[in-house]
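Sending over a structure as structure tokens; questions will come in a sec.
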Amino acid sequence: MLFQVRMDVKIPHDLPAEQVAEVLAAEKAYSQELQRQGSWRHIWRIAGQYSNISIFDVADNAELHALLSGLPLFKFMHIEVTALLRHPSAIRENDS
Amino acid sequence: MLFQVRMDVKIPHDLPAEQVAEVLAAEKAYSQELQRQGSWRHIWRIAGQYSNISIFDVADNAELHALLSGLPLFKFMHIEVTALLRHPSAIRENDS
Amino acid sequence: MLFQVRMDVKIPHDLPAEQVAEVLAAEKAYSQELQRQGSWRHIWRIAGQYSNISIFDVADNAELHALLSGLPLFKFMHIEVTALLRHPSAIRENDS
Amino acid sequence: MLFQVRMDVKIPHDLPAEQVAEVLAAEKAYSQELQRQGSWRHIWRIAGQYSNISIFDVADNAELHALLSGLPLFKFMHIEVTALLRHPSAIRENDS
Amino acid sequence: MLFQVRMDVKIPHDLPAEQVAEVLAAEKAYSQELQRQGSWRHIWRIAGQYSNISIFDVADNAELHALLSGLPLFKFMHIEVTALLRHPSAIRENDS
Amino acid sequence: MLFQVRMDVKIPHDLPAEQVAEVLAAEKAYSQELQRQGSWRHIWRIAGQYSNISIFDVADNAELHALLSGLPLFKFMHIEVTALLRHPSAIRENDS
Amino acid sequence: MLFQVRMDVKIPHDLPAEQVAEVLAAEKAYSQELQRQGSWRHIWRIAGQYSNISIFDVADNAELHALLSGLPLFKFMHIEVTALLRHPSAIRENDS
Amino acid sequence: MLFQVRMDVKIPHDLPAEQVAEVLAAEKAYSQELQRQGSWRHIWRIAGQYSNISIFDVADNAELHALLSGLPLFKFMHIEVTALLRHPSAIRENDS
Amino acid sequence: MLFQVRMDVKIPHDLPAEQVAEVLAAEKAYSQELQRQGSWRHIWRIAGQYSNISIFDVADNAELHALLSGLPLFKFMHIEVTALLRHPSAIRENDS
Amino acid sequence: MLFQVRMDVKIPHDLPAEQVAEVLAAEKAYSQELQRQGSWRHIWRIAGQYSNISIFDVADNAELHALLSGLPLFKFMHIEVTALLRHPSAIRENDS
């Protein structure tokens, strides 16, 4: 089951640089692990913003929230979730 | 080059039924042709709304606009375009 | 799997009275059938508005959209969907 | 009498960790006590957000405010209240 | 129990003049009857707008909705409801 | 002359507790003095929010601003003012 | 007593041309009469919009509303009122 | 003196086709004449929308409004004006 | 050439009191000097807010920005500019 | 390929003055270098705001993001990107 997720990141400017580096490294590892497992199906950067648009493929809402609330950057993000489904005009078989 | 496109459809309630059927059939054929050609890479329905979220893969802004303004439903849609690019944490090779 | 759905109804003031009566009767029957089947778990009126807040219990996003887009009033509604899950502090067993 | 309540939590990132743990424990105990007493009838997490949607069953507006302003997290929350009532199409007897 | 209610009126410009006069007369009679009964405690015009801010005193949300949805102008209004209660600094005895 | 005034209070979470207690006590005394004098005619709490809706009765805009800008909490508030007048359907003699 | 008033005009495109000409002529005469009397102190066009920003000088809110609701274009306008007063840094004697 | 102007076009769907063609032709001629004269310095289409972003070079606000309110499509447009000036980091001589 | 300018002031609550007093005194002197010179034609306080609405009379956009960005409070303000011109119904000779 | 980019700058008021001076000097040098190379085609100040409207000419979305995220002020800016293309009424050859 697919969801579009938009994440806007806002790191406080007075967070110590090491702490920032640490959380960013953890975020990248976490994201790539979920991509390898298949639940984080797409991730794109939005041009000009510290934001991404992603597509998640999960069993249900609870799994989606578990993945998102586990993000190392979760407390520095604003997240919006949109529930998706197969469009009646879609022709790709593997896209829902 | 990728763009996210959100389309919200609002057909006037007093449009004659045949005219609606005609434009919807044309829209479906148009969308599927662009999907087959590869420029309309993804299309998903938004749950509960007469809307879709799509990913377009085009050569440039001009091609994107030519495709969107050619939509049979164009005059009954509100469209929002978001410019995307490869995310530094992405692992899929074919996703940008 | 639970979703909150808010429906705001806006019927054009020049729709003939019989047509309005017909669609409202169909809407009520449709809603009550889904309530009996268990997928439309709660429905409440919002005080002062021609709107409701509902809780749907469905298998997935696709089932949710099938139910909502089948509403007789669908083309006269604005619908917002919010994906829900069990809250870690919840104590009721049958509420997720 | 029912109200839908949406709570969005925003804890300042520089609040000491023990203070956060303390207020979260107090919040959970407080919420569960009200759920046991019946005034906090439903609580659901919103997917992807540090937010909940709840249904309160109270005698009047004053009781609702007393319960909400007593929340240990009250000063770190944005709260929106919507007054609800039985919907004319509802079929459940115990849902208003 | 008190509620603030804001009503913004928008009558379609092509509604026949007699129909407008009729609904306005009915609205005035309805409002004054509720004021005499005590449930519509205050009504003020907003300067420069076809709008009012009112205070209703009702037994519960259901009574509030019954009164508001019975307004002759209901289908030409946008209504916002705000639940009120006695303020801890209030000194008037008869104002809650 | 009447004005509706909405005040939303936001006290910085790092303000020392004694300073908060002091300003709140001053605010309450100030409000009650104006209520006794008749210029602050009504004050109600909004359910679930650190906010109030008030009705002021003043000679002119300048007096209204003098009263509001003198609020001990003024610098921690967002205030919205709406100019009111007697509604043509009002029946109470003393309500304008 | 001064108020800033912003008026945004939206005339339905299917209003007959004579009816438009008539209401515009009436509007101009009405505006100029109030300017001559001194209650409509300033009126400026907003560049690029069918809108104006005006300053009214009236005895009270009721007079302001009487003037505005009497505008021939009133039912085709959206109006926003802002209550003004003398600024403590102002040096002009005749500007409040 | 430069202004950014954004124009969003919304032609009523029931306007007769000849009338639409006529106004569009007039609009194009008008725009190209102003471009040739130099007051309409740039015009770009916004991808996916029936909108443009333009840069006007005019003597003053009055000239800007005269040009914009003379647009054949003026009554079918929403227009936003932003006053611009030379940026302190700009290096082009002919761009202010 | 006239512009309406709205300034909303937000001074950080932890700015030392002497620094606040200093910047406010500088602001007042600066404003009064521009009023004497004629470029800051009107300034009014908005009732209930730490905000003003002003009318500037300047040679062009660049002069307007030079005056506004020189405000001692500039970095603590949110400013919105609206380009104005003589209204076709205006009767005052000296108001454009 | 052209993009309109709006940048709103918000520097925290407690950033040390030398740090501010340093980042502003770096920003100016960076901007002027991109202007010389041709990718930052236009930059204008918005009157009354610490903001600019710019036109970028880049090969694709990825280049645009690389340029914008490299801005020395990037973490103190809110940026909005709008994809542009040649307008069908444009007459300048070198403006797309």
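Letters A, B, C, D, E, F, G, H, I and J name the chains as they come in the text, with residue numbers starting at 1 for each one.
To be clear about the criterion, contacts are C-beta pairs under 8 Å (C-beta built on N, C-alpha and C of every residue); 3 or more make two chains touch, one makes a residue touch a chain.
Keep in mind it's a predicted model, so treat the numbers as computed, not measured.
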Joint neighbours of subunit J and subunit G, given as chain labels: H, I
Which one, C-D, D-E or G-H, has the same contacts as E-G for more than half of its contact pairs? G-H
Between subunit A and subunit G, what's the gap in Å when you average each chain's C-alpha atoms? 50
Using mean CA coordinates as chain centres, what's the gap between subunit D and subunit J in Å? 44
Centre distance in Å when subunit F and subunit I are each reduced to the mean of their C-alpha atoms: 27
Taking the mean of the CA coordinates per chain, how far is subunit B from subunit D in Å? 39
Sites on subunit D at which at least two other chains make contact: 2-3, 45, 47-48, 61, 64-65, 81, 83-86, 96
If you connect every pair of chains that touch, what shape comes out? Choose line, ring, star, complete or other. other
According to the definition of touch, which chains form touching pairs? A-B, A-C, A-D, A-J, B-C, B-H, B-J, C-D, C-E, D-E, D-F, E-F, E-G, F-G, F-I, G-H, G-I, H-I, H-J, I-J
Of all residues in subunit I, which touch subunit F in the complex? 11, 13-14, 45, 47-50
Quick one: in the complex, what on subunit J touches subunit H? 2, 4, 27-28, 31-32, 35-36, 42-48, 52-53, 82-92, 95-96
For a test of understanding, state which residues of subunit H touch subunit I in their complex under the given definition. 1-3, 60-62, 64-65, 81, 83-86, 96
In the complex, subunit A residues that touch subunit D: 3, 5, 12, 15, 61, 64-65, 68-69, 75-76, 79-81
